[in-house]
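Chain nomenclature is as follows: A, B, C and D, assigned in order of appearance, with residue numbering initiated at 1 for each chain independently.
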């Protein structure tokens, strides 16, 4: 009987359990045995940390957030920091031990669900150690070039939009500016989609460096049209133009290149407060965006990813990753998959629409 | 100053107000005047039924279900049943009167949001009367060939999935079969997507005629694997194989060709009850699926449809319809648009995944 | 070490798992062992159907609908229909066998969570067999005189209100009458609370027999005030005045006293359609109202019920039931508890408010 | 025809629009005219800021968050800071001007919906200027002694619980401690109810000064029982025992008496991180708790408050406030109403249950 092992790694994304559900059910349907490795590769280091997965075991997990396998990132198995009995930290290469266990336990395939870090490690296992690995991409930011969509993103956008809906009425009743910081260190997808569908006046994203004066001008323009409140959505990686160390006080750290590290939402709020005189509040949604039951969109996508991964295993399409190429699923070599990042296109139809319905991006367009 | 008019027609779909919002805001941004015609063409028959739309007026409507313009279908303006003072019903052609008003009021474009019926009428106005018309497709069933997606569908699927989630735990606690009838007269998209993401055991859709015995066998198989409950999702247009008039009693009407008219969910429940002996309940979600605030997915899509419609108006791309061709918006001739219906493909990756995770479609595959 | 057993019986009510959670955690905190009996008394008939409950086991169950113990009602243990090998149904008294197991296994208390049927059986065990039993009331209808509130009710009302919110916008867009049938065979609590908070125009409850003509007059009055739609909420036990067999066709069964059995929502819709000529649709919420994650209100109440039950066990306050007497929990003798039904008071402040904001109850007040 | 005026003041609370809805509808039913004063007393200073309220106008507002009247607090009319043309701020007493307008416009009653600040001003108008005023209490914190419940509280608790549900699965998957700061400057009601129903391990409230070491011990105890994550709910007014200025660095300001001003959630997270070595994140829910559609519980309560206010106006029960004394509504003199604050009772049944299901409050009990 064929045996496969599945692991989940990296930050949380709603839909991980749906992948596990689909992999388990469709592997089982083929008569395979399926095991889950807890906390990334831990189950391959220590077989006590392997769980036998059956249809009964996964019956109710599909709509649940998180991952039943756990996902604590204890680092890269090729260079793992380990504490010895004397309390010293040593960096060990555990990859051979993992491969030995993988072979000894008779697995014919490892389905690795993870972000770009985890997928790179999976690729290295395939290349250097000959592990038959299949990747399933996981990034809540939806910024992977190789696949049109990743699961978790729709849920994160929905959570952020719901928050904006809630803040809308209270901002309006109190003539307030509400600044909401959402996830997106390198790309503005969550900010853009949530901002548009949540009725934001201003959206600030990493792809478009913003001028805080133009942001404030938009808010003042609202006043002229008898709209006395505003909603400002800020991606955590948004960058202010001409930001100097001197300007950044409370809550702002600056990196080597003078960029703001953390607290951009608070920073934007403080500047709006000063420059417009309006009552301005800020809120950081943080981990709320990674939690909760996946939306139906994400459940379907995650299930399809899981189903396709098992079909790829059957075809022995190893060292590849599952990807969505509407309307079908495709196999992309892992080598390519981990390279490209997808940015918000400044000239896309979506951005154009956003501008035309009056949303300001803090630039001169 | 350019003036345009927008109308909404046909059954409800969450996202209609988001289209109106985007059209109003982006027309206004171009310096145009924008008017809404109440209840389809009523505003073009009687200018008292026209509403001036401004950014202030649409400010809060985006997340709302329904349509602020109303959508009561009082029939086809080319052959409208009208009651005269004597109480007699006459069929009148009101199209010339509508065109006269359209010209007299100085509109340069009509944006018609509607289902295939409304789009066909719009196309006829363009062809026969020379009305500069732009169509925006609206069908909650997502079954239009010309566009990859229509707004309202994601919301309907979410509502149905949420219902399935609720029924899941209570079915399990009570060892019950729950049969849920969802929308889909001609296509099974809602049933398929909601059924998969809501963890259904059985999904019955118009594209795959089902055998009630195979459905019951699946439910009995569950028992063997110690699963004593089941969720069955039935599209309203699902068809039983070999269904005879004699079998259909309570709640079942049969059409000319011996097909079941209405009540298929109840019919399925009754047969499961008899054939398996299990406690079986049925529920019809009905209009719940057409209501409520649109999901972020539908809001975004509807806004993009509205924005694209205004850009098409600017380019005078009349007698065309807005369509989604991922990742862009496209213009499709109305003549083509109203033709093709999109059915669930029996060999698609989605259906394959559904079968592999153990879902039964009532056929022999 | 003290050992207790808990069972859940009767129809589903969101919050059952929260009771099990609180009982398990607070019994464990006292150093007791706690067991769950599956499907009512089945675990006491057959120890294989007992589950050891620990804090780890119940860790995640609190927000879940349903009951992890199952609740299939296989009848009264004092007169249980049992099938023998020859396929004949015999009625057996299993109460002594249950008591023997209860004593043999060393339980000092049975916490019985259930509706009036289950509580009566529990009381009989206490009286006739000397079982040290503590009741926890469970009725989604909130119609128990002995306690101010029962868990599950707030969730059911929320589900129904959410449905009304969804139907509101679509009814308005299409000038429709929407008739929604909700639970409440003997009392109108769910209909009343959901109807008021869901903005209903008409609420029909068992406590106030309605006149269908007055209902239609209210809907026609709406028209005069330029409101062309209406929401009608009907409790399943609502009764039409002067209803005769002749009037009831499709979907309506009449009982011995000429009352309508089932389908009252559909009946009301059909009459409104005929008498007002308006486009009228009906919907039955059914089991949706029993499912889903409990609201915070219900979670808190269920947890407090569970905690109080364990304190009562400690005090050996047997043959009593937990009850809410704001702001405290009280112990009520089971003998009393199962008697009184709480009806909607026709002169209560809530009903008065409902009438004053214009809601029609189908009577002449 | 009798004329009344209604105003809303102070911070937002879901349910304000439901009060306006009930007051409008039930005043209209009596044949009265009803006006809304924008932004507190602004409509009484400047009649241009009065809105005529009719059943049509309020038709759809009941489920909406915020208040259609606006609630910007521009200070106390008895001592209002006003900017003159020279840009200087003067403090003016506008109360006589308000009373003149009130009489000139022929109002016979003012229904003032607001928090303790607004109610005190209303009381002063009644006492010093003879304004016939009726108060409706509004505090999201539920900390008013005079009424058992206030609207908005159930919604705030639900929002916070939903956030905890979302964080639960992600905390568990990643072996994390999540610290969530909720509202409650002086009382711990929101923290207590949300914490219990959201499955928190630790709840820190103003009524029980906490010892951070005991909090960390609870988290370490979790580890022993193989639970590697924890949820900590902190009311914004929670106080650490023995907190010294030296300990408080980043994000912490200390007041005159050495108490922490703002950022208590962040402070708790930082200390847990240091003292337990666990991956710890913090989140502040902030204004999310004041927004959104009211729960059915809050809608019902707000509607009953509004209905009772109009009945009190009819009875000329001025200088009184509406209050809930289960199961009825009562009239409480405003003089009393604004006095007592309701604190979490340390010996209440709810707190006892919380402790018994294993929740830690950071004290030695």
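Everything that follows uses one rule, which is that a contact is a pair of C-beta atoms (placed from the backbone, for glycine too) under 8 Å apart; a residue touches a chain by one contact, two chains touch by 3 or more.
The chain lineup, named per UniProt: A, B, C, D = ATP-dependent 6-phosphofructokinase.
Nothing here was measured: the structure is a model prediction, and the numbers come from that model.
For the self-contact between chain A and chain B, the two sides draw on mostly identical residue numbers; the shared fraction is above half. Averaged C-alpha coordinates put the centre of chain A at 32 Å from the centre of chain B.
Centre-to-centre separation of chain B and chain D, using mean CA positions: 41 Å. Chain contacts: chain A has residues 165, 168 touching two or more partner chains. A ring topology is adopted by the chain contact network, closed into one cycle in which each chain touches exactly two others. All chain pairs that count as touching, in label order, are A-B, A-D, B-C, C-D.
Of all residues in chain B, those touching chain C in their complex are 11-12, 16, 64-67, 70-72, 159, 163, 165-170, 172-175, 178, 251, 279, 281, 283-284, 286-288, 290-292. Chain B meets chain A in the complex at residues 21-22, 25-26, 29, 55-56, 59-60, 62-63, 148, 154, 157-158, 161, 165, 168, 193-194, 196-199, 225-227, 293, 295-297, 299-300, 303-304, 306-308, 310-311, 326-329, 348-350, 352-353, 356-358.
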